[in-house]
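Note that the chains take the letters A, B, C, D, E and F in the order they are written out, and that residue 1 is the start of every chain.
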Amino acid sequence: MAKAFKLVTIFCEAVLEPLVIREFDKLGIVGYTVSDCRGRGTHGVRSGNWRMSANVRIEVMCDLPTSDRLMEGLTPFDRDYGLLVVRSDVEVLN
Amino acid sequence: MAKAFKLVTIFCEAVLEPLVIREFDKLGIVGYTVSDCRGRGTHGVRSGNWRMSANVRIEVMCDLPTSDRLMEGLTPFDRDYGLLVVRSDVEVLN
Amino acid sequence: MAKAFKLVTIFCEAVLEPLVIREFDKLGIVGYTVSDCRGRGTHGVRSGNWRMSANVRIEVMCDLPTSDRLMEGLTPFDRDYGLLVVRSDVEVLN
Amino acid sequence: MVFDPIVLFFLLGLLAGLSKSDLKIPAAIYEALSIYLLLAIGLKGGVELSKYPLSQLLTSSAVVLAAGMLIPVIGYPVLRFVGRLGHYDAASIAAHYGSVSVVTYSVAVATLIERQWTHDGYMVVYLALLEMPALILGVVLARVGEQREGQPGGWSALARIQWGRLAHEVFFGKSILLLIGGLLIGYVAGVKGYEPIAPVFKDAFKGLLALFLLEMGLVAASRIAAFRSYGAFLVGFAIVMPLVSAVIGIVTARYLGFSQGNAALLATLYASASYIAAPAAMRIAVPQANPALSIGASLGVTFPFNLFIGIPVYMGMAKTLIPG
Amino acid sequence: MVFDPIVLFFLLGLLAGLSKSDLKIPAAIYEALSIYLLLAIGLKGGVELSKYPLSQLLTSSAVVLAAGMLIPVIGYPVLRFVGRLGHYDAASIAAHYGSVSVVTYSVAVATLIERQWTHDGYMVVYLALLEMPALILGVVLARVGEQREGQPGGWSALARIQWGRLAHEVFFGKSILLLIGGLLIGYVAGVKGYEPIAPVFKDAFKGLLALFLLEMGLVAASRIAAFRSYGAFLVGFAIVMPLVSAVIGIVTARYLGFSQGNAALLATLYASASYIAAPAAMRIAVPQANPALSIGASLGVTFPFNLFIGIPVYMGMAKTLIPG
Amino acid sequence: MVFDPIVLFFLLGLLAGLSKSDLKIPAAIYEALSIYLLLAIGLKGGVELSKYPLSQLLTSSAVVLAAGMLIPVIGYPVLRFVGRLGHYDAASIAAHYGSVSVVTYSVAVATLIERQWTHDGYMVVYLALLEMPALILGVVLARVGEQREGQPGGWSALARIQWGRLAHEVFFGKSILLLIGGLLIGYVAGVKGYEPIAPVFKDAFKGLLALFLLEMGLVAASRIAAFRSYGAFLVGFAIVMPLVSAVIGIVTARYLGFSQGNAALLATLYASASYIAAPAAMRIAVPQANPALSIGASLGVTFPFNLFIGIPVYMGMAKTLIPG
């Protein structure tokens, strides 16, 4: 009953959240989960103590082709925004 | 020194948190981690701005048989609640 | 364009956050992500309702040797603090 | 103006939500405000109680409680047989309407004060009393009506309710705990002990209620969208049921010899539908019910209806039907 | 003392941030405080408005708006050609300085009150009016100046701006929504409706502003570090530009026949740089601009400059140049 | 009543926690309330200080500090040799009891005011002074007593303490920073500058303290459970030690010629055990100590003991032993 899926995790600036979700809508991705986080990367420390320095983690379970298309859709943001996109294997159990 | 484990991640409505933990207790699962999140799925947008629309992510590191039994224990919730259960491979390093 | 990496996830007491980040600095790890969580483990329930009972999840994407060295650097904390370190495979997509 | 200006904060929140503004009130603030409101109302009531003899409340409480239970008893068959809703949904919605809304009550008190009607602070005792029994009744209705695979429905299904857990949720759920706890602290502290904490729990009350209404508007906006798909019957129910309940309240108040102000408050309590305790309790105890329906009706329709139309109407009823 | 003691809270926050203290104000509290400040300022203004004829504001508003737009128009070429910044950064920073800072305005009002200058509460209308136009102008500047691969820059680039989305962000962004919403509620409520919520929205204002300044100090500390690497030009700009803007404000105020207090406030509005609405809007609309530059300048330099030096100077200007 | 009614909020929180109610105060609110309390106490003290000559405080401060250090010096051997605790735990617990509790102090002040005793606002200076030295002493005790593999214990172990980091945590830890920062701002602002922020920092103090006590009750409830497994000795210590410390306080106060009110406050300071600064500092500096023991004793036993029994007892001591 377990199905093989990809988990795409997007770490990015909080202001990007609505734009990333618009990308999901374009690709027909329905399900996603968002949580608040802070961090550090090539764009410096993002301490999360006000909106402009907060990060979000956006997780999407999807199949491989969708994850490829998602990655493509996010490429334009990569140039101007703090963004890290990673992918791993998961089984969806229900 | 690294041991192979399964990571089970449960995305569900915040009101389910105590019920899921009761399930852990039944199965003898001691360790778990919970964090607050928001999201969207087949049950619609869960914006997280009040308790009834908030989600939680519950993570459990356990062995394969326990993860199977956990999945079984969670099945009854699947019908009536927003719930997503995924599993992946991890090494526990300590 | 996807590169194989390791994701190291550290679950620990919130007071450890600055000490763990100091460890990253020593190892030359730039990027990391932190989020707040609560949980239960061998050190008991950590309900997250005040700082002394709060946990954090610290995630680092890095290569295998760095993840090994990181694990080593964290060993001294393992004795006295609530700490769980896990590792899994990820592709970094950007 | 027919309504108190603080209800405009609800409209502002609603507008923000419907226009997809980026305005968001953090969940922590929502929690803190609701804890504050419950405590403040309890404290106020306790201080008032310390001025009156308790005995007269005991006799009237039983009547208020019994009359209040008519609401889910009337609501369930209407929802089930007129509205053709499933029995779990009918039971859950009936429970929401049998329970009460703390914020609706607070706005009614503010409106009374603004229009210089008098009322007794111990009315909050009824607020605390009325919150839970309807929820229990709702669970009972849901279980009695159910037909599970191989399991008998009917009264024997009651044995399957986890009474212990339900009782625990009734008495130690945060809203009852804070209301009753506040009542007791206020009662013990009395007027003199209340004074130094009054700047927070009394003077700031209406301003913080305004902020809470802003938040409720935001939340209601998200519910309205979810609710639109469920047709006209439920909207009608969410408007007519409060009016029926208010009439029961006025009749009960008249029978008990309440003043006009107290009668208007009792009518408001009966007419209001819960959205703090009930949604959480029903989600756990009757998971088969769709929360979009019950929360949509109580928060998306009845709550604003009461704020803008109901409260003035119930005050009018009290003025007409209760001897001055 | 030349400045109001509440600005010391900013210094305390700055010290905490620079000394890497473990003091942290939770993000939820930051959000709640900024919602509170915007609402409280709007409400106060609305109540004041309800006492005056609106007509006189309409005529002066157009002048205040037009004069205010001079600021980004002057700022952009200075940043671009004197400071040799990229055109996206120049446009974004110009937009920040054309917009306004709610907290700087609030501190100016507090200082006026402390020094017993009079001013009119409806000045907050200009605050609301000035917040957004400069942001739109900034986006226009950014698009007109751009040369994308294969795409023409110049005026035809304006067609590529998503006007609908921008308009939405202008009118339904939380700061405008709360300011205007507060104004309308205050206007409708009037003095009598405002009274019961005044303990929260008026009496508590200055204390909560102090807490917000503490937080701003913490945030500014993190910006100062990021900013140090960007050289002396931008620091100079962040100090000289407010002074130039203030002069424009005083001249405009004199032309419109403002009182000394109102003139000082208009100068402060012009001189202040946004760090609530502008950073968020620019990050979305002009993503090529580096936010470390604009936020560093506005929050790390101009904001403290205005607090400690600017406001007293602008009051001095008003005293000298405006007939008493 | 022998105690101030606000301590009932602690009981309510405790009850909620022990009964596993779903009442939860969000962590952000806990943080905000503790920042508020520290700042408000500092400010109040600073304003009071601005009315008095500082010189007399300097001489008495040294005595108060020296006498206060007796507490961990007495506590450590008792814990180590009578209670047979490990030396890390003994050192950590001794440090908690040598340090002070801001909320216990606040409740004592509220009780004094309610019973119309006078006291001097500058007592808060001792609160700030006493918070940290005991923590340093605790670290020193922990290091001196330790025997690590191949490393000598004893005084030479002191060289291994990271003095720089410790000093940083002492002076820039949030509690000292806010207390001292508040003191300085209050001192600079004076009575006149304090007035406009007083609705938040003075009038709202007791109400917000009540909410904080509610939260402390919830936290204490979780500690009591963890603590039960550790036997009667520690419970005894957590009750007897405060009484001993209070006697030291009364003697010191008498030696310094304090008034009855000030003497009761000094006794309370000595008797109180830290749970804001100490747990965090000890967790980092002496990680081998089990926090369940120290937090369980200080928050689970000593804190409620002081609230309900200690403070009235110390006031009784002051009345008996200090000339009126």
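Convention: a residue touches a chain if its C-beta (ideal position, glycine included) is under 8 Å from a C-beta of that chain, and two chains touch if they have at least 3 such contacts.
Model, not experiment: these values are computed from the prediction.
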Any chain that touches chain D and chain B: none
Between A-E and A-C, the pair joined by more C-beta contacts: A-C
Mean-CA-position distance for chain F and chain A (Å): 45
Centroid spacing, where centroids are CA-atom means, of chain B and chain F in whole angstrom: 40
Touching two or more other chains - residue numbers and ranges from chain B: 35-36, 88-89
Contacts with two or more other chains, residues of chain D listed in rising order: 24-28, 31, 199, 204, 280
Interchain contacts, given as pairs of chains that touch: A-B, A-C, A-E, B-C, B-D, C-F, D-E, D-F, E-F
Sites on chain E touched by chain A in the complex: 24-27, 30-31, 215, 218-219, 222, 226, 279-280, 283-284, 287-288, 291-292, 295
Of chain B, residues touching chain A in the complex: 8-9, 11, 35-42, 55, 57, 71, 74-75, 78, 83-89
Contacting residues of chain F [partner chain D, same complex]: 1, 4-6, 8-9, 12, 15-16, 19-29, 110, 113-114, 199, 203-204, 206-208, 210-211, 214
Contacting residues of chain D [partner chain F, same complex]: 26-28, 31-32, 35-36, 39, 168-169, 172-174, 177-178, 181, 184-185, 188-189, 193, 196-201, 204, 280
Complex contacts: residues of chain B adjacent to chain C: 2, 5, 7, 30-36, 61, 88-94
